[in-house]
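Several structures are given next for inspection.
Two complexes, one shared chain (chain A), two partners (chain B, chain C).
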Partner chain A sequence: MNQTPESLLVDARGLSCPQPAILTRQAISQAAGRVLEILVDAIAQRDNVIRVAVKEGWSAVPEETADGRIRIRLTK
Partner chain B sequence: MTALFLYTDRDAAHPRTGIPPRRERATEAVTYSLGAGSGGWQPAHVNQMEGVFFMSAHNRFFASRWAMILTGGAIGALAALLVKWGNPGNMGLCMACFIRDISGALGLHRAASVQYIRPEVIGLVLGASAAAIGFKEFRARGGSAPLLRFLFGNLAIIGALVFLGCPWRAYLRLSGGDWNAIPGILGLAAGVFLGVLLLKAGFSLGRNQRGPAPIGFAFPALVILLLFLLVFAPMFGRDADGRLVGPIFFSENGPGAQHAPLLISLFIGLVIGFLAQRSRFCTIAGLRDLMLMGDTHFASGIVSLVGVAFLANLALGQFKPGFADQPIAHTDALWNFGGMVLAGLAFTLAGGCPGRQLILAGEGDGDAAMFVFGLLTGAAISHNFNLASTPAGPSPYGPAAVVGGLLVILVVGLAMRERLVVSTESMQVTQEVKA
Partner chain C sequence: MLRPLRAMFQPQDCPDLMVGIGCLDDAAVYRLDSERALIFTTDFFTPVVDDPYDYGAIAAANALSDVYAMGGAPLLALNLAAFPARLPAEILGQVLMGMADMVKQAGAVVAGGHTIQDEEPKVGLCVAGMVHPDKLLTKGGVQPGDQLVLTKPLGTGLITTAAKMDLADREDVDEAIQWMRRLNRAAGKTAADLDLRGGTDVTGFGLLGHAWEMAEASRVTLKVFFEAVPFMNGVVRYADQGLFPGGTASNYTAYSKRIHFAEYLNEDQKMLLFDAQTSGGLLLAVPQEKMGEFSNMMEFHGEKCWIIGEAVGREAGIQVI
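Right after this comes the complex of A and B.
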């Protein structure tokens, strides 16, 4: 039924700099083949998370959610 | 940087990643969170969330390194010009000094030579508010340990006023040839390093919450009130001789009396506030991200600030290399260093330099506003308790305040750690839950 890879969700909402970036790096180191999803709620944090992910060689697709927050899908 | 942002729409998979923007799959997921008391991994269900992400050319530019370089360069050039137009030497822009001057102008301290409502601060906040509102980034938020942020603001400015400047001014002093800035910047780096160690150990002030509009608009509204106080400088009080005094005090001599014309200062503040809000310019992030993950994105802004300010100072005849007789500076290397260790640590734990905190406060962050109020109050404490340095050197009490402040902030920093590290053990638990 579930055809997409397992995903890990990192809830970084409401955290100050640089914690979303730190959590993203930790999640990347623990990803073990999984897709990552990072939740943030500030544009600045979105950009920080994407910068970290891209630097680590991941692709990032941010999506604005219905409640105005941002979900970033990271794939290797 | 072009790979950074990817456009997706509702109907098509992304061309590069092939990821459909609307997922039609089960959304069983695992939370990897820093939530209070969560203690690591927790299984959670995620609701389907819909949305379209689109990034305009404007936003792509402002997320790039070039925007950081532009903002740093603008701060460097405009700060040099502000000195030419009347601001104190190597103090075209200094958020610690300027907040200290505002503190004095409001009568919170009575150091007569440093009292002025600096229009640059007003402009910086309102420029950030305008940019945030215009680009739909204004978000009223708060509730992430406001009292500790206030305390960190107190300690940060006590340290900064032992050195005599915020990080922006440390770099501007360097660009003007004031070599006393070098121990200050080294101290700043040492403070940021201590902060990075605490962040790596899991330091967190906790999550903020979205809030109703007044949480976000209170600070910009107070800044508009400050503009009225600057323009009208009401006199409600009388001294023993019957002369009108207060509540607004403006220096008649000293650094507080040196200022560029109001409208120029205000306009430059607005421009920098706009640029810094868009680019997220932050001098603390520059050093922090370099140490934390070797990232040079924010650091490029600092390099640009120093380079452009140096060239502008050279062109304007304001570059005067040396240690002695530098404007509003002292030559005590140890306490130039020590003061900035405290300031750098406090800024790092609070999430940004004073300029960045003003920008955040302008875009609705009530916690950043609490940090700014901490700076304002801390400046008053610094002068009323005679902790601030003068051009003659550190005060007899400044060094003790720095050491005491460092102890306080290290204890608080160690006590505010949350479990960030994910152990293999908890990962197995997670996998059991998922199976």
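Right after this comes the complex of A and C.
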């Protein structure tokens, strides 16, 4: 996980379920007020990450990146 | 993927093929004469549990299940195995023993097989079985009014995934292994004895994925009662931790838009109904007047069954309430 002061990036590309969802849960517990950005590369992973985030009370906005991957922006 | 093959094998060229790639079901069925049809099927997969014997037993129960899901009885099986050279041969021996014990329990025989070297283990069976051509159990045989019955609880996808990540309780894993090793023999025999027509087994597409196939093939609306669906111990907790495997997530993505869920069901509850099963139970359509007898016969065989819904209308669809 790379960190910047205002956002926490989780690169879950190449990982299969449930790894991206588990990493998202960990990131949520360490977010400390920061925005989270989760990178995944398939729709099933995207949906799993969003499901976990929404359950924890976060809002999730997915967008497709230039290289065809998916970036999910999570805000509390 | 099979579409180009359909053009090569036209139904009029193989009139005795009762079930093939033109109308996919759990297994291929070929009419031999007016009294007998051959059921032919294969299935294999990578390890789902640590113990080699259990892995073999589960792979065999899973492959044999396709014969039961067509209303038939297995006759003979061939082992299929891909195995890494770096692992000791005794491990493969235990896997094959697990498979053989289940084939024997099914009243069939292991008649041969084939093993190749491969990095990741894969095992399974090719199974031939027999059924009366007029007594097929198919996905298209459901009638409005039928009760929808499930013969094993759900959750093997979540539990085996949690186990792989060392997040599962031993007792939960053991329970899941017992269910996965259980043959669908008694359920299949009961379905055949009662002349049932609609049925399939619940495997990789999850309960709702396979229920959807039945609803579509039978052109019926299936109503599923969430509270009536049985789950294995621990499953709800693993779901809460987000431990759904890739197959479950893909099922949800592929099928959920076609299914009408009551508003009070949450996302975890919906996902649970899509959990990808290994060696799951049979999903059977039982006419109401046969339901009592079906339950009694299953109890007689020492098997469980749950009424989880019913077929209500003449339009392909699923409602979960």
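Everything that follows uses one rule, which is that the second predicted complex is superposed on the first by the 71 of 76 C-alpha atoms of A that agree within 3 Å, B and C clash if a C-alpha of one lies under 4 Å from a C-alpha of the other, contacts with A are read in each partner's own complex, and residues count from 1 in each chain.
Criterion: a residue touches a chain if its C-beta (ideal position, glycine included) is under 8 Å from a C-beta of that chain, and two chains touch if they have at least 3 such contacts.
Everything numeric here is computed off the predicted structure, so don't read it as measured data.
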Which superposed partner A:S16 touches (first chain B, second chain C, both, neither): both
Which superposed partner A:S59 touches (first chain B, second chain C, both, neither): first
Partner with the higher number of touched chain A residues, chain C or chain B: B
First (chain B), second (chain C), both or neither touched by A:E37: first
Intersection of the chain A residues that touch chain B with those that touch chain C: 16-18, 21-22, 25, 43-44, 47, 51-52, 54-55
Residue ranges of chain B in contact with chain A within the complex: 3-6, 8, 14, 16-17, 19, 21, 23, 25-26, 28-35, 44, 46, 49-53, 63, 137, 139, 141, 144, 199-200, 204-210, 280, 282, 285, 288-289, 292-293, 295, 297, 350-352, 367, 420-422, 427, 434
Complex contact set, residues of chain A against chain B: 1-4, 6-19, 21-23, 25-27, 30, 37, 41-44, 47, 50-52, 54-55, 59-67, 69-71, 73, 75
In the complex, chain A residues that touch chain C: 16-18, 21-22, 24-25, 43-45, 47-48, 51-52, 54-55
Contacting residues of chain C [partner chain A, same complex]: 161, 165, 241-246, 248-250, 252-253, 267-268, 271
